[in-house]
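Input: one structure, supplied below.
Letters A, B and C name the chains as they come in the text, with residue numbers starting at 1 for each one.
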Amino acid sequence: MTPASPATIPTLDFKAEADRLLPPGASYDACLACGLCSSGCPASGIDGMDPRRFIRMAMLGLNRELSTTPWIWSCTLCQRCSSVCPMSIDVSVLVSLARGNWPPERRPSGIVRSCQAQLRSASTSAMGVRPEEFVDIVAESAAEVRRQGPRFRRIQPPVDRQGAYFFVNQNSREPAAEPEELGPLWKILDYVGADWTYSSTGWAAENFCLFGGDDDAWRAVVEQRVAAVNALGCRVWLNTECGHSFYSMWRGIRRFGLDARFELDNLISWYARWIREGRLPVNADWNRAGLRFTVQDPCQLVRKSVGDPAADDLRFVARALVGAENFVDMQPCRGANYCCGGGGGALQAGRSGARRSYGRRKFDQIAASGADYVLTPCHNCHSQIEDIGRHYGGDYRVVHFWTLICLSLGILGEDERRYLGPELAGPGLPDRGDDGDG
Amino acid sequence: MAMAERTLETEVLIIGAGVTGSGVMRDLALRGIHCLLIDQGDIDAGASGANHGLLHSGGRYVVSDPATAAECRREGELLKRLAPHCVDDCGGLFVAFEGDDPDYAAGFGARCRDAGIPCRPLTPAQAREREPALGERLVSAWAVPDASVDPFRLTLCNLAHARALTGSGYLPHTRLEGFDLRHGAIHSVLCRDPRSGEPLRIRARQVVNATGAWAMAVARMAGCRGVRLDCVKGTLLITASRLTHGVVNRLRPPADGDILVPGGSVSLLGTTSDRVDSPDAAPPTVAEVDRNLAEAVTMVPALADARFIRAFSGVRPVLAGSGGRGFHLFDHDGDGPSNLATITGGKLTTFRLMAQRTADLVARRLGVDAPCRTADEPLPEAEAGRWTEPGYAPRRWYARGDTADPILCECEMVPASAVDAIGRQAGNGDAPPDLRAIGVRSRVGKGSCQGAFCSIRVTAHLYDRGVYRDRDGLARAREFVEHRFRGVRPVLWGAQMPQAELAEALHRGLMGLDLPDGDGNGEEG
Amino acid sequence: MSGEPRRHRVQLAVIGSGLAGCAAALFALERGLTTAQVGHSGALAYTSGHLDLLGVLDGRVVDDPWSALGELQRRQPGHPLARIAPETVRHAFHRFTAALSSLGIGYTTPGDRNLRAPTPAGTVKPTLSLPCTMAAGVTAARERSATLVVDFAGLEGFSARQLVANLGPRWPGLRCTRLDFPGMEDGGVLYPEAMARALEVPATRERLAGRIRAVLEGASCVGLPAILGIHRPDRVHRALQRALGATLFEVPTMPPGVAGIRLQEAFEQALPARGLTLVSRQKVTRLQLGKEEATLQLHDSYGPLEIHAGAVLLATGRFLSGGLVADRDGIREPLLDLPVQQPPGRDAWHRDDYLAPEGHPVNGAGIRCDRWLRPLNPDGRVVHPRLFAAGILLAGQDWVRQRCGAGVAIATAFAAVQAAARHLGPGDGDSTPNPG
């Protein structure tokens, strides 16, 4: 028997869908064909496509071409096009629809498998980390942290603690691949005396179902998480350093009308608050060498959800950490920022050539800034910016906020410095004293 | 300074490059006869290009003009079979709404059957299922085999076929200045290029006047008084996107704004009908646009909020005193030169038959006994005719996957390769076509920006290609945007207003096209 | 999750983020007013970058815009520029160009004469001031310097051959060439924005300079499409000029170009740093003018927002930016339904000839104001003492045809801020502003 031929992609009527989904003043009919969308889109040119062509092809009825173009997997759904469009026309709505229109077996398998894994497990983890595994990994990693010194003796990450103020989520990448990156976060939460808990279910941050264009699956993942937070009675679902997790949860709750009996907030804003309140007394003394830092605004957090207040917080924290004189913005930035090219599931979509060509603009931005380090409060940004740095021969490093916070506070362990350069291997190591856990 | 006069020779000179003139040329070429076709402007500049593009089933005329209705039915069927690439066989509906004359609607089915037009009654629910855009107060509906046809494509295919058959040629921008009459016949025809002023003499054994609404004036230049026409101006509107699947006709005596015809990715609404004095169509007016809309929103309510991208007008030649849409072939026997024939009246749907009758006469006069073949011979699809089809250029561009082929007209997605191909295909050994000629032969300038951007990009491209070499290229750009504006002006409200504001900012503010040549270039004071 | 709006309280709320809105926010901050600005990206994105004051009057190109202002006062007393004292116009223009220069987008100091700047069409445009990155083009054209205009494979709508074909007869030293842009040689479409950002990278600049040097052949000036960086273009201009060893100038490009993006991004970063409450890329959905204060309601992506202000300055532009809406039966102002001065009916909006030197009557439509830039009712009474208006929303001007868009925006923004400050009174204006 010959293998079954791959499922064909149904043909969508994009103009009709645009009329159905977009507000009248911002319909495809309102397009001026001016090209501002494409001018500011790093995915322009990939597969010969760009946002304007997407709209024009919809208007011209090129439905077969739009239904099948792989470009939809290179658009990162970052919504920069609609934010610069004088008519506010949103291409990402139709790109998402086109993604969902591909039969699952034709969609990028990385995205599909990740989503399926999320639906299978009560963890909602795309990397298949099951609840009991998560609990074990947390316990083992915490023991490692405690061994770093006496001051970390109290590090006991709570799990399923009823009534905690914060429900803290976690991108699966840490427990699954780099558990040593968990410690800095716990140290910070411990430092400020936060009232927090993990949950054994619904703890994961990532949401690949959103990227697959599969609304039902997106909803299922969010529902699982909302149920976990409601069950523990936490006040705030605290998103850690991951961009799309915030958007997918915040937007998903609104879109699907879910009963979320808690607030959503993101860790960066709490860093800023704790610094302002003096509870995180960070400073830039460790950066006497004047290493230059820039920051990547995650589209999902800044442009697509919280807006410029999140960008302000990012910069406040960054400046406090590295010294205002050592901080430099990429241009453009904040709400006008370019997506790094790793968003929208691009890192799992397999098309690495297209993804890197997209990332070229980000690489140029970083190069123009002259920064030695890029701070990324988002895992996708982190991975993508590292990757394009390697690919295009950049000499910058990419680092999470929590790393620098612990570095500045003198509580960053030796094993927690994998993203720092050799020049930062030494400064501010915690005093080991006795063997900590002993 | 007098320019040297060129002389060309041919067997048949056809004046007027509309569908009929080009149809006569092809018909004669199929009989082995060499022709030259001239036009004061370019193809389909009169009524041929200024209509709905409706290939009538005949239903429209079953009450007022049963003979024309039956003719339309036969010709429509022929064209669908012989020129399918020019036709979108989308079907059509006749629909009556509350308040429309019930007697008119009641007799419709029987009259269609009398004219041999297949028609089928639909319940309002069935009709709305087929055309969801129809208004709520629909009371009765009939399905008929209406279709839409692209007259530009027809003409371009006619030209290409005639050229291939006998080397027959087409000369745009060749204005008739007079007839050199000798011994009761036309010895030669005097012409001039209105742009360059260059004179041209054409010697022909037979001359065909296929100038539509101008036929009366042309016939008079040859001393013929027998051609009497009424000039009827019609104004139509184009929406930015297609509103219906098929043709929608109001089931009532013909009036303003009662036909909506899909044209690829857009819809065409019309038409008004007003007697005018001159065949030179005045631009569409705001009042005409509003009259069309006032009526049409009952039929398709979405028209009230639709974005319109332009309006256009044409003057239809209607045989004086006939009141109908029939055509007439004047052999000028006894009232003019013995080698002149005038064909006028009629309509797009019947152009082939008009060409046949004309070519029969001309061939007989030339002593050629080859019969007409256009009723059997399929019209070959010409590469040059494809670019007028919405979506063709982008489909081809997308399939070729050549990212180095830039899109010059972003609205309609016409790439540079298409513009270059049109340049190659249109040239009769003459100068490559300018911006307007490219626009006529493609979708350039026909999208929602109406030339705001593509006028600049195509102009730059033509400079790059060496088609333009001096300030004349800017004059051509100015001419193009002025011409586009005539159609845009009466539909400037809603979404088209910001587009027009942006266009003016580009053409005046950025490009300085409004300032007199040279002003601002020299130092003052 | 709560749906409570986030609230801001300021003295002056500016609605609009075009040239007039940004100028107003800038002038208000300079005056020490607490200020908020809300606006969606509109027509500013399409600007050529030229700041014109009055370039054309009655179809004639204006050489001395200052004396032309006097003529304008006589011929069109209702023109917004005719109602502001020339010294105020000059002062506002200077302040504005100086502020831009401090942001790294240097502008030539407004002089007594209009400059004649080459356009991508190969024509020449009169303007009072232009970006320093474009300034050398004016001199090169005037002095007919040996100049090489470079265009790029893949950058549509910008043909160096077109410039030479049109300007060459009067500028014999003008030549052209076409190059590949470094790092973008794959034959795809090029956007000025992407090229400009790439030129902010020193290595890209070096490669481009190398390619141009190779074809310079004695040219002392080089013209490029406007691609010399977005952020602090002066720096990119200086660096590339140094690397070339020739005088360098930009020629504007058709949209989507960079001149407007430069201004937008510079304002979006610099003004908040000076204390502006900026809600960018959003539109106000409702504006209430009350006895005690004005309230602006809007949504950003996160949720509802409210801005409470002592005075409101409307700089919402025309049709392209949504400040005016054209319906089939008339033109309206969508936010407050202000009376719009307009021609009697649609048929009177436009002339038959598109590029007629007399211009289209609809371009004179807009909001009629008193000398304090307060919108007026048809009976001549002020609509509301807290409400001011500025920019091309104002009636009685034709900014495109008269080449006076920047002049109208800057001068009326300055005057409107001045009037608003007077209304707000000394000290603060957020509790009980003085009656107007």
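Annotations for the structure displayed:
Throughout what follows, contacts are C-beta pairs under 8 Å (C-beta built on N, C-alpha and C of every residue); 3 or more make two chains touch, one makes a residue touch a chain.
These numbers come from a predicted model, not from an experiment.
Each of A-C and A-B has its own count of C-beta contacts, and the greater count is at A-C. Nearest to the overall CA centre, using the mean of each chain's CA atoms, is chain C. Here the spacing of chain B and chain C, counted between their Cα centres, is 42 Å.
In this assembly, the C-alpha centroid of chain A lies 36 Å from the C-alpha centroid of chain C.
Distance between chain centres (mean CA atoms), chain A to chain B: 56 Å. Shared contact sites, meaning residues of chain B that touch two or more other chains, fall at 403, 407, 453, 498, 502. In chain C, the residues that reach two or more other chains under the touch definition are 43, 46, 188-189, 255, 320.
Among the residues of chain A, those in touch with two or more other chains are 34-35, 45, 48, 86.
By the touch criterion given at the top, residues 34-36, 38-40, 44-45, 48, 50, 83-86, 88, 253-254, 260, 263-264, 303-308, 329, 331-336, 360-361, 364-365, 367-368 of chain A touch chain C in their complex. Residues 15, 24, 28-35, 45, 48, 52-53, 56-57, 59-62, 65, 86-87 of chain A are the ones touching chain B in the complex.
Within the complex formed with chain C, the chain B residues making contact are 283, 285-287, 290, 293, 403-404, 406-408, 453, 456-457, 459-461, 463-464, 466, 468-471, 473-474, 477-478, 481-482, 484-486, 489-490, 492-494, 497-498, 500-502, 504-516, 519-525. Listed in rising order, the residues of chain C touching chain A in the complex are 1-2, 40-43, 45-46, 183, 188-189, 191-194, 197-198, 200-204, 230-231, 255-256, 261, 264-265, 268-269, 272, 278-281, 300-302, 320-321. For chain B in complex with chain A, the touching residues are 240-242, 264-265, 305-307, 390-391, 394-395, 398, 401-403, 407, 410-413, 447-449, 452-453, 495, 498-499, 502.
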